[in-house]
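Once you scroll down, you'll see the structures, which are given as C-alpha cells.
Common to both upcoming complexes is subunit A, partnered first by subunit B, then by subunit C.
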Partner chain A sequence: MVSANVSGDLSSEMEVDAFRRLFPLRYHERFLLDSIRPDARPLGRARDTSLALGAVASADGSALAKIGCTTMLAAVKMEVMTPPKESPDEGSIAIEFYMPPICSPLVRPGRPAEEAPVVSKQLSDTILSSGMINLKELSLVSGKAAWMAYLDIYCLDADGSLFDAALLAAVAAFSHLQIPVVSLNEDGRVVVVSEENEEGKSEKEPVNKGKRKLTLSSLPFSLTCILHKNYILADPTAEEESIMETLVTVVLDSSGQLVSLYKPGGPVLAYASAVQDCIALTRQRVKELKSILNEAISDMEVD
Partner chain B sequence: MEFVSPEGLRLDGRRPMEMRQIRGEIGAVAKADGSAFFEMGNTKVIAAVYGPREVENRSQQISDQALVRCEYTMANFSTGDRVRKPKGDRRSTEISLVIRQTMEACILTHLMPRSQIDIFVQVLQADGGTRSACINAATLALADAGIPMRDLVTSCSAGYLNSTPLLDLNYVEDSAGGPDVTVGILPKLDKVTLLQMDAKLPMDIFENVMQLAIEGCKAIANYIRELLLENTKQLEYRRGP
Partner chain C sequence: MSMEIGRDDGRTANQLRPLACSRNILNRAHGSASWSQGDTKVLAAVYGPKAGTKKNENPEKACIEVIWKPKTGQLGKPEKEYEVILKRTLKSICLLNINPNTTTSIIIQVVSDDGALLPCAINAACAALVDAAIPLKHLAVAICCCLTESGYVILDPTKVEEQKMKAFAYLVFPNSAISIIPEGSSHMEGELMEHGIITSVTHGVMSVDDYLHCLERGQAASTKMSAFLRRSLQSQAPNDSSRAG
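This part shows the complex of A and B:
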C-alpha cells in the first residue's frame, strides 16, 4: 500500500494508476500519439502467442492457446452417430464455446458473459464455412455410421481477442486430432476398439485402420483490430476493448484468401482503406501463426 | 478384479501408501485476484478466487461477515465419456456446497464484512479425487489472493480394496465399489474440517484408513507450504530492494 507521505516518485505513481482508471481514453491516447501502447507494443503488433498440443490427455485432440494473457483450452471428442438421411456420407461437427466464471471478474454464475454466445456462433460459422474439414472424411459406413466431433473450447483467462485465441486453439486441436480406431461388432454396430481387447482383435477387423488423421485444407487464422480515430490497434487487450469499442475481425486462410470479415457496428465508421489496412495486418499475422502452429506440431512429433 | 497385486503394486504401479504425483502452480489466471492450478496424478483442476468484492445481491449481504460462494464445474471433455450437463447436476451442486463449507470454516470472514468472496473451480481432467484436488487448488488460490485464513486446508482420499488401505484413489479404484474416505484437514491446527465416506467399513479399519488419508493431507500441506514460500520469495525478489 502506498501512503501519501512517501517521496514524490511514489505519489506520482499512484496518480498514474488513478489517471488510468478515471480517464482511460485520455491515458491510452497519450500513448497512441507516440504510436505505441501502454504495454510497449507498436500499434500493429500482436502479443506473444504460444500453443501447446495434447493438453488434455483424455480427449481425442486438444490444444492450449495463449495470446498474451488470454488463454483458451480446446478439446475434440469423437462419438459415433447415425448420419441424417439427407447426407448419408457425411459426419458432423458441433462447436461450443464456454466462458466459465474463472476467466473474468465480469462473469458470474447466473450472469453469463455477453461475448460467449457471440464468439461461439462466429467460431461455428467460420470453421464450417472455411472448408477446413471435409465432412465426408468423417463418414464410417455410408448411411449407417459417421463421426460426430464435439469441439469444446473453454476460456480460462479473458484478456481481449477472444475470437482469435479460440480460433487458433480450435485449428490446433483439429490438427492434433487422432481419430479412434473402430470396428463393427456382431450386432452390426460400430464400436471403438480399445487397446486392452487383445483377444478380440482377430475377430473384429478395424473399419478405419489406415486413416487416423484428418486432412485439413486451408486452415483459417484471424486477427482482431480496434479502430479508434485514425489509429488501428492490432490484438487488443480487454482494457483496450472496453474503452475503444469498434472491432474488426478478419479471417484469412493459409493461402491468403479471405474467409470472413466481421465488423459489428461500433462508434467509428471505417473507410475501405482502413479495412484494407486491417487485412494487410492480418496477412502478416497469418504467417506468424502458421509458423507457431507448425512448430507446435513438430514438437509433438518429436515426443 | 485385483487392485493390489501379490507383489504389493497397484494398477498404476504405485505402492498402497503412495500418493500420486502432485504439482501446483500459483497465478494461473491473470485476471483473477488469486488463482492456482493443481494436479494430482491425471486429475487437473484450476481454481480462481475473486474477492473480497461487493455483494452482487444486496439481500444476501451479511453485516458482520463476508459471504463465501463456490461453484464447481467439470469441462465437457474432462471424463472418459463426454459430460452432458457439466454444472447444475446433483453431483456438482453437492461438491460446490462441500467446498464452500470447507473453505468457509478457515477463512476469517469477520474481517471482511458486507463483502463477497467467490471461489470458482473448473475440472479440466478427472481421474478420481477431484474433490480433494479442488480443495487444494482453492487453498492455493485463496492464499494467492491474500485472503486471511486460519490455516491451509488440504484434502486427500483413501480407500480399502483387497484388504489393503490405499492412499489417493484414482478413477478405476474409486469406481471399484469399495469404501472411499475423503478427509480435509487444517494441518497446523490438526483439525478435521471435511470427512466423507461411502460404502461399509468396520470401525477399526476405518480408523486406519482415515489416519492414512490424514497423513496424505499433511504431505500435501508440506508441498503447498513450500510452493507458497517459493512464490513469496519470487514476489519479494521482483519487488526489488
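This part shows the complex of A and C:
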C-alpha cells in the first residue's frame, strides 16, 4: 500500500508529534509491540486514581474523582417528597450526568456530546440494579414522606474512561452522604431542621436523629478495556479510545458478582477468552479502588 | 440442568418464539425490512448512501446514522442509548471504506414491544441493510438471554418474563459465513468466528459463571437464527426495478 511506504520513508525524518497526529494507529502499535503504551504504562495497568470527599460544601454528599486526567465531580442533594402509591415506603434516586463544554474541545453549547445520555443511562441502570442503596432506607414516614436523592455528576475533563470515573465519583458521594435531620412541624409536614435554630428545640422532635448515613452494600466498581487485535488495554485515554474503537466495560461489585458487561459493537469480536481476561483485570481494579475509597473515607473521618 | 421450566406460553428454556422476516415492504426507502419475534415487531428502513458526512465524523469512511422511533411517547434517554448501541453494532459489520464521505441512515420504528426489543431491532436493521444492498462484512444475529431467580438461563423472553427476571443480557453474534473455499469458516486460535460477540448489554446482577453460561446458550441459538436469516433473505424474489433514488 502506498501510504505504508510513505509513512515508512517519512518516519525517519518526521518529528514524533507529527507522526503521532498523521499515523496514530502505527504510532500506538509500535508501543504495543513492546507491551507498553505511550505514557509508559503496561497494558493492564490503570492510570493514577485519586478521590476527595466533601468537595462541594453545600451538598449533602459529594466527591471529586480523578482517573489520570479524567475528572468527575459528583454531588448529592436530598429533598423530601411524597412517595408514589405503588411504593409507599421507598425513597427514590434521580441520576444525571452532564458534559459541559469545559470538559472537551469537541463539546460546544450547540453540539452536545453523544456520550452524555448514554453514560447517564448506564450509570442509573448500574447504580439501581447493583442494589447498593436500599430504597427503603430513604423512607421517612410511610406513605407520606420519603427522600428523593438528586445525584448530579459533572465531567470537568474528558480524557477517556468516563463511565469508570463517574461511577467511582457516584459511589464515593453516596459513601460521604449525610442525611439531613428532619422533624415534623405544626402543619404535619416534614421540614429540615437547620443547625442554627436553637429555640423551640423541645417542641420539634427530630424524626430521624439516629440514622444519618446510608448503609451501602455491594459497591459497584468498573474498568473499561480496549480490545485491539490480540491486545487488551486497560483504562484507555481519549486518544486511544478514538483510534481503537472496541471498548468493553465490566462492572463488578465488591462480592465479585457481574453487575454489567457492556460492549457496544466495535470492529473486534470478543471471544470467551478475552471476556475472561477483561473480568480478571477488573477484579484486580476493584481491589485497588476499594482501598482508595476506604483511604478517602478514613481521611475524612480524621478531619 | 435438564428440568423443565414452566414458561407462561409453554416454551422450553431454549425455544425461540416464532420468527418472521419480510423485506422490501416500504416503497420509497432504499431498503426496508420488518422482523418479528412472537409479538415483538420492529420495522427498519434504510436510506443511503447519501452524499456527505456529519461534522465530527471521519470523511474518509462511510458514516452510519440511526434514528429510533418508539411506539408511543417522546424521545428520551433510553431511545438515545438504543441509537448509540445500534450505530456502533452496525458500524462494525459494514464495510466502511467502500463508499467514503457518505451517510447511510437507518430508521427503526417500534411497532409492538413484547420483550427482547433491542435484539429484534438489530435483526431488522441487518435485514434492511441487505435489502438496500449496503456492503457488509457479514451479518449479525441478536438474541436475548435471561437468568431466572433459580439460576436457569432462558432465551427470548416476553415482556412479562423480562420483568420477573433476575438479570438479562442482549448478545449480538456475527452470522456464520458459508465459505466457498475448502478450509471452511475462519478460525481464531481454536474458536469459531461466530462465537465472538459483537455487542453485549446486560441488566441486573449475575455471577460471572452465569454470564458465560448465557454466552454459550446464545451462541447455540445464534446458529439457528443465522440459518433462518439466510433462508429468509435468499427466498425473497429479486428486487424489481421501481426504486426511488
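In the analysis below, the second predicted complex is superposed on the first by the 289 of 303 C-alpha atoms of A that agree within 3 Å, B and C clash if a C-alpha of one lies under 4 Å from a C-alpha of the other, contacts with A are read in each partner's own complex, and residues count from 1 in each chain.
One rule holds in what follows: a residue touches a chain if its C-beta (ideal position, glycine included) is under 8 Å from a C-beta of that chain, and two chains touch if they have at least 3 such contacts.
For clarity, every value in this text was computed on a predicted model and none was experimentally measured.
When the two complexes are overlaid on subunit A, subunit B and subunit C sit side by side with no clash.
In the superposition on chain A, A:L216 makes contact with neither subunit B nor subunit C. Of the two partner chains placed around the shared chain by superposition, subunit B is the only one that A:L73 touches, whereas subunit C remains out of contact.
Judged by the touch definition given at the top, the superposed model places A:P117 against subunit C, while subunit B stays out of reach.
Look at A:K263: by the touch rule set out above, it reaches subunit C but stays clear of subunit B.
In the superposed model, A:M300 makes contact with neither subunit B nor subunit C. Of the two partner chains, subunit C is the only one that A:Y271 touches; subunit B does not reach it. When the two structures are aligned on the shared chain, A:L184 is found in touch with neither subunit B nor subunit C.
In the superposed model, A:L32 makes contact with neither subunit B nor subunit C.
In the superposed three-chain arrangement, the CA centre of subunit A forms the vertex of an angle with the CA centres of subunit B and subunit C, and that angle is 120 degrees when rounded to a multiple of 10. After superposing the two complexes on their shared chain, the closest approach between C-alpha atoms of subunit B and subunit C is 10 Å. On subunit A, the surface touched by subunit B in one complex and the surface touched by subunit C in the other have residues 111 in common.
Contact residues on subunit B toward subunit A in their complex (touch as defined above): 28-33, 35, 42, 46-48, 50, 53, 56, 69, 71, 73, 75-80, 82, 118, 120-122, 124-127.
In the complex of the two chains, the subunit A residues touching subunit B come out as 56-59, 62, 69, 71, 73, 75-77, 79, 96, 100-105, 108-109, 111, 150, 152, 154, 156-159, 238. Per the touch definition, subunit A reaches subunit C in the complex via residues 106, 111, 114, 117-118, 120-122, 125, 129-131, 218, 245-246, 253, 256-267, 269-273, 275-276, 279. Remark: subunit C residues 55-56, 77-78, 80-81, 84-85, 87-92, 167, 169, 172, 174, 188-189, 191, 193, 195-208, 210-212, 215 touch subunit A in the complex.
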